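Chains here go by letter, A, B, C and D, matching the order in which they are written, and residues are numbered from 1 within each.
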Amino acid sequence: AADLAAYCLMLGDDALVLSQRVSQWCSNAPDLEEDIALANIALDLLGQARLLLARAAAADPSVVPALPEGSPVPDEDALAFFREAHAFRNHRLVEIDNGDFAQTIARVLLFAIARLAAFERLSSHADQVLSAIARKGAKELAYHRDYAGRWFVTLAQGTEESRRRLVAGMTAVWPFYPELAEAYDAGPAADAVLDQVLAVAGVDRPEVGPAAGLGHTEALSLLLAEMQVVARAHPEGRW
Amino acid sequence: MTSEAVKESILEADFDAIVAAGDRVEPRDWMPEGYRKTLVRQIAQHAHSEIIGMQPEGNWITRAPSLRRKAILLAKVQDEAGHGLYLYSACETLGVSRDELTRLLIAGKQKYSSIFNYPTLSYADVGTIGWLVDGAAICNQVPLCRTSFGPYGRAMIRICKEESFHQRQGYELLMTMMRGTDEQRAMVQESVDRFWWPALMMFGPPDEESPNTAQSMAWGIKRNTNDDLRQRFVDMTVPQAEALGVTLPDPDLRWNDERGHHDFGQPDWDEFMQVVKGNGPCNAQRLVHRRRAHEDGAWVREAATAFAAKASA
Amino acid sequence: AADLAAYCLMLGDDALVLSQRVSQWCSNAPDLEEDIALANIALDLLGQARLLLARAAAADPSVVPALPEGSPVPDEDALAFFREAHAFRNHRLVEIDNGDFAQTIARVLLFAIARLAAFERLSSHADQVLSAIARKGAKELAYHRDYAGRWFVTLAQGTEESRRRLVAGMTAVWPFYPELAEAYDAGPAADAVLDQVLAVAGVDRPEVGPAAGLGHTEALSLLLAEMQVVARAHPEGRW
Amino acid sequence: MTSEAVKESILEADFDAIVAAGDRVEPRDWMPEGYRKTLVRQIAQHAHSEIIGMQPEGNWITRAPSLRRKAILLAKVQDEAGHGLYLYSACETLGVSRDELTRLLIAGKQKYSSIFNYPTLSYADVGTIGWLVDGAAICNQVPLCRTSFGPYGRAMIRICKEESFHQRQGYELLMTMMRGTDEQRAMVQESVDRFWWPALMMFGPPDEESPNTAQSMAWGIKRNTNDDLRQRFVDMTVPQAEALGVTLPDPDLRWNDERGHHDFGQPDWDEFMQVVKGNGPCNAQRLVHRRRAHEDGAWVREAATAFAAKASA
């Protein structure tokens, strides 16, 4: 049960943190259609995060931070808003800054590809709750992958500037992909999907190695400072 | 009369008949130039309001205090983008492109609702905007579902449905907070204190200072006067405030048995004029934000255009 | 005593918030010399803030937020880190985003001019503590004014782009100047200094009116979320 | 021998004599080209380290948990900018401008200390960087106060004085936190766990893999080997860790009575090479930050140049 909780926490934190990043595009996207599409992705990931954090809390209540006696804060919120950065189990790929639209697209693409591989496998997981989350999530992730893949190709083949930015954005997120792919056990299927997108786009894999180290970047604690501020100011609040 | 003028007068009679019958004017129908211009101005202003309106609420998405509220707020702001999209499309049926309208917005040459030039300072503002601002918007917009121009009326039907959903969500957030801690109740009251008067201003200046109302009503673009709508809003809102347990910050607010309506005080119309003129607390901030987002996205739009051209070549 | 406390709080909050903004330039300035100079200004303002907040707390202990029994947090920190945005008494001019270097220069110039007028007057205030703070601070503010004034002229007369940016930056901060000048009772002396800088720079007063409303902008609560996060996570911490 | 070669050999003999006597070489003195190049590389790397080093600590200025600590941290990061300034000036006496060095830095063509490619993840890191990182830097730098090149040696004297002040401040922050809450003590330990090995790496690879050491020592640019300095640092730090009450994360660390020194384990030199090659946790972030700040400031520097030209015209 502790293993299941840790695994759900990892999957949930990845979704929560990337949802927070993608939601920062709200009212900032290049066009209204993109504003709406990015909000959809953020909403899907937020939905996955809520289910996964709740599953983690149910599987192992000891993962939930202690709150004042009688606090009305549900488990999903205790986990999201009352843990410090070092207790978050997400990967570095999802927490670094958005960068420009190209970098966001590259990140969403890599994330969706690796996570979809994991969710397809988890669709037959022994835990009924997790497998149901995975089946629902897989459909969402396929949409995210297709959306990001279309833009990946569009930017690669659009203008000189868009291609330059796409390559730069891909190079910026690439060092953080291997640890995610490994944690998700994304395997050769994910590699094949990625290679296909890269081939259509006419873009090579970046020539940068995986980022050394583990844990978090400096970006996470700043992201959490903003995300958690209202909840923490009112530990006994009802919302 | 020239034959051109004869033709015009026949067309105008047809148009007047359609409007008088309460039927819809459609994009391909003949319409007077003044009608078209007024519509473009009004629909564009409404579309811009949806887009600029994403900012004050969007300001709290990253700080929403529960995951459930974050999802609700994100979906709501997304709906506003969708409303903007329908309304820009309605405007495009009148021959003005979204690009052109965006250019006019960020050049400060077209307006948006002044309410969005007030800042959101606490999470309670998300609820208050839903309750009071969306509430006022609905009072303004429900009559527009019967407006004479077809695409606008149909967009309004869809928008009003979603707006009233947003209004209920906003009210429900405030209701939940009022059942929370003392600090939360104080937050709600403080927020209502700030938004009450600006919400009343959303109906526009008093009728005697609203010179275009008569023509717009004759054309079926507008269906009620500013003061009528304002009264309707106050009468609707007072019992909701009581149920919520907040005080509306107007010492003159009381039921008038004789009129069958609430009496209420006047907003600060000087402040209103200042905000309309561009000197509100956030006018500059809102336009800078919109302009930056638009300019930052230029290379993406250009890439999409270039890619589409290559694909179709 | 309550009046004195409120006044010191207002002066202290202005210094604290502007110090926070100016310190955001650290490692981001156009050149090393500017990095150092801006850090100096931030340090001076931080010093003023500490003295003024301590004076406010001593004059009226009821302004200090309550902390857990036995908390080692000194009054200046209780005031800086444990008040919500709405309890801050600073003006809008100091809290809005930095903008670019030109906007920062315009803001520092306006702030230093108005505050120097106030501090020169307060140098003979009946409260000995406040008058000492004002005498020390006046020297610092004269330096800030001169530094910002030199750059104001340099940017106005430098290149077309620097002039365009300077005028835009001045226009962005100008609507928030009148409320500060009024609170500081800056008077005609400050006006004369400002007109002199504008004349040398060859720049007109912006043609935008004062910003309506009172209180705060949306920027303050975000600034505080970051500023207060560590202190609030450890209300009984020692630093 | 040509007369040119004769002249050169006399100059070289003079230079060798100055270095051998422990005297200073000054910018106008003749010096071998290899000496000049090595110095430029070393001083530039040191200057860049000061500038890049502003980022990991600067990351916490806006979040310092007390106003006193905010002032201390801001002043410290400001000092680092000052150190960068002296060192770039020392480099300029060798004929390379600050602009050129900055260009090489942001193009990734000159190095800076790898320690700054590790992230700062809590406020305790501010203390740990002061204690361990500045501590290691001092061990490296104190001998450089006697380095053969005058401007570099004099800059180092001033820098070392300030660095040891910073080290004391860092240690004092950790000491204060250790007297605080359990969470604070855990923060300190977690921070020391992360920075211990990277701090040991600051002395460079083991002597047998450091091919340039011998020449640099002959030239008086370097005064001790990497392993000597590392040993000195460990011996100095162990009792400080005990006084603080933290555990250093090395199971092999123990006093060796025979050697009169501590034995200790080896850092992960593979990781070291990865970080040097550019694949550390923050290499890309640090360069992107520096490049952005430099490019964002270009218009300001151009304005200053244009203004100065007009003023002197």
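One rule holds in what follows: a residue touches a chain if its C-beta (ideal position, glycine included) is under 8 Å from a C-beta of that chain, and two chains touch if they have at least 3 such contacts.
If you want to know which protein each chain is, UniProt gives these names: B, D = 1,2-phenylacetyl-CoA epoxidase subunit A.
Just so we're clear, the structure is a prediction, and the values are computed from it rather than from any experiment.
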Between A-D and A-B, more C-beta pairs in contact link A-B
Distance-wise, how many Å sit between the C-alpha centres of chain A and chain B, to the nearest whole number?
34
Any idea how many Å lie between the Cα centroids of chain B and chain D?
58
Chain A and chain C: spacing of chain centres that average the CA atoms, whole Å:
39
So which stretches of chain C touch two or more other chains?
221, 225-226, 229
Indicate the residues of chain D shared as contacts by at least two other chains.
63
Quick check of your reading of the touch definition: is the inter-chain graph here a line, ring, star, complete or other?
other
What residues on chain B touch chain A, complex-wise?
51, 54-55, 58, 60-71, 74-75, 77-78, 81-82, 84-85, 88, 123, 173, 176-177, 179-181, 183-184, 289, 293, 296-307, 310
In the complex of these two chains, what residues of chain B are touching chain C?
56, 59, 63, 118-122, 190, 271, 274-275, 277-282, 284-285, 288
Chain C to chain B touching residues, read off their complex:
85-86, 92, 96, 172, 175, 208-213, 215-218, 221, 225
Counting only contacts in the complex, chain A reaches chain C at residues 84, 221-222, 225-226, 229, 232-233
Chain A - residues contacting chain B, complex:
16, 20, 23-24, 26-36, 39-40, 42-43, 46-47, 49-50, 53, 72-74, 76-77, 80-81, 100-101, 153-155, 157-159, 161-162, 165, 226-227, 229-231, 234, 236-239
